[in-house]
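Before we start, here is the structure in question, set down as structure tokens.
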């Protein structure tokens, strides 16, 4: 099966929480499926049986938790898909390991473990890979409270083509926060009109962005939102 | 080395992340077999291509187990991305893998351009292709020289560097550097090529073809080299799939996968070139694929230089240094000399990218060394390591 | 030679010969280092040494001064005596091996009827030295290199002996001077023409016995950092180096004596011919070092046991048959 629709259905069957269809021209991904931690291995096994290879695993730190992204592609055709797992508990972040399905995942997981401290249960060799093992430092890529962003507010995951109830990463509804500077005027006028823009990863040109951009959360307040609005229009 | 500390129990706990004594690995917590010797190849070693340490457990000359240990060259590029501006991170891309700097330049610049919807002018696209393919040739030449040096042939590397001098001179004219090139900008390239640049390329191509003939006759067809490489270091398509290995390793396993043809980026679909695919999964297959790729890259450069239109080398109103990447997420892949280079950018619209993941092809390629070298002779393991075309800076980032 | 046969003049000649041979070995090392580096540069399209002295000729001298001045590191836990004995053992026995060689018609230090046996017997000392060096270094690379050196050295001695034995059969004597005398002045009367196979086998084993590329696995640089001499620096390393060049010179002299006519030449017989021929063989060895990749260890042993040994036995058998029926 090699169409995004077929895989969407396959992931739904495997227990996905949501499946989004980012715009491949902007994001390079055809499909993005959000799995609960328990269904990850099953989905990965399906992908392996379908001839897909795990290209890389990356983790990013958000307020909701760690978003672990697994990017797959097939060597015989081009269908780049991402599986995502949200790890909410940052003090003890655990995700099942794919090392038994894809042996290459072992090293990628070790890298995420190094940078974020995510523990991949079942990884046969979860020791530091890039950071010095004999002089451990706290996971360096975790974001401090002043720079951390929220996935929902960022909305970069876009609208889901299909989402189960209670998908916690559904984009946050637009808020009207009066005290955050010149937001609405500088933003694109189609601020509230999210859905007809393609359910893609957020592009400012489409303007499908909730108000509370991280501009408001960033320390670079003031004139920044206006500039950002201008530059995003490029 | 000279201490036998591996015989002492070093308080092995089954918790992840415990420091495993000298060996940094759970896999080496006990010996696989009696009478073996655990040896460190590296991190200072003439043939590990950088600062790589490979633990091997040898039974005589046979490698029972091996494990690469990384991290000696970790420079936290991904963390740097979160503190530099998007524009300011471009020079880092030249340092991640200095032998294939243009490939990394392209992956990052195009990832941001893709996210922002910036269109690159045609002349800039041609310049990108020309510089990328010349860079690929130069990277393969270094690999080739170093590989046969590992096998004991001391001379070809100097010939390869002779050719590479010409290439560095050519690329220096447009990029300004010979090695860690920072050539791409968002919306185009940094500088236009002048008349001398194109003339040098036109003179270089036939010279390189002559040299390739000599290399084939003297090195590729040398019986000692063939006997060292043929049938050794089997990495078949299934192994590549399990490890995510791409590039010449995959093509030598018989899988016709090249990002330039599979996901055509830039203007690669305008050129007529082939993808060398070998059906043998051994060291010689990988050797042959890379040498043939040099020839195919020469073809692409020839066509590009003939077809290049007039125009600007960067888009009008190109992003200035203070440009912020629009919020969103973008993955972009290019075909680097070693495999598929992917840059995954998550941006929150702020000054710096929120998260930049640099997917180095070498990282996945090296992961399959342990499985491929099991049971082979030490000399063969070294040859296999060389055939993977590793550049540790990109693996460690 | 019984004790009563030793004459004072013979002893004096021996002592002078030893001193001259030491001088020869040292001068040879200096010349060969320069020749090798210039030869390598020529093959690799670069100049080689050219800064120190006219055309870089002082480079080896300066290098040896540097090596003399280096600090000698002794790793911990080495076997002290063996560690220091190994380079000495590598270098000094080679001295002995030069004595039976007929440099000129009257320039043989030790006229013994079984000169070749003396040479072949003591050639094994070099192997012992390599083994001791690797073992005593307390270094796994050293042990691997030493193991390889012993396997390789022991293996390649056999076809070497058999190839030389074929010439001995043909000549009917083991005395090196007689072997040279049996050859003529012109190249077509040298043994290379009647024993081409033996010559070829001897060339291959010559390279293997001196641990030169493509058979330099014991010191395989790209695999074992430096094999059995990893832990040696300064003078220890210099002694190994000297020993290697001295060995090369020795086997080249033997080659010149057995196959290339020794001191006989078209124009004037004399010791210069021996030197010219030996150095031609040396330049050939240098040439192939920089041209071929290294042979893998099991392939190296295969070449020996599966090819060289049967070929040399065949050669010996044919020689024996021919000599028996035709006589020489």
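Letters A, B and C name the chains as they come in the text, with residue numbers starting at 1 for each one.
Rule of thumb we're sticking to: contacts are C-beta pairs under 8 Å (C-beta built on N, C-alpha and C of every residue); 3 or more make two chains touch, one makes a residue touch a chain.
If you're wondering where the values come from, they're calculated on a predicted model, not measured in any experiment.
Judged by the touch criterion defined above, the protein chains link up one after another in an open path, with no loop closing it. Chain-level centrality, scored on Cα centres against the all-protein Cα centre, points to B. The chain with its Cα centre farthest from the Cα centre of chain A is C.
If you average the Cα atoms of chain A and of chain B, the two centres end up 27 Å apart. Chain A and chain C have CA centres that are 68 Å apart.
Inter-chain centre distance (chain B to chain C, centres taken as mean C-alpha positions): 43 Å. For chain A, the set of residues touching two or more other chains is empty.
Residues of chain B that touch chain C in their complex: 1-2, 37, 39, 45-47, 58, 61, 148-155, 158-159, 162, 222, 224-225, 227-228, 377-380, 382.
Residue ranges of chain A in contact with chain B, taken from their complex: 22, 25-29, 48, 51, 53-56, 58, 60-61, 69, 71, 75-78, 80, 82, 102-104, 106-108, 111, 113, 115, 119, 123-134, 136, 140-141, 147, 149, 154-157, 201-205, 209, 213-215, 218, 220, 228, 231-232, 234. Against chain A, in their complex, chain B makes its touches with residues 16-20, 24-27, 70-71, 74, 76, 78-79, 82, 111, 114-118, 237, 240-246, 250, 255, 257, 262-263, 317, 319, 323-324, 326-333, 340, 342, 344, 346-351, 354-355, 357, 359, 363-364, 367-368, 371, 396-397.
Within the complex formed with chain B, the residues of chain C that make contact are 40, 43-46, 75-77, 138-141, 143-144, 213-214, 216-217, 220-223, 225, 289-299.
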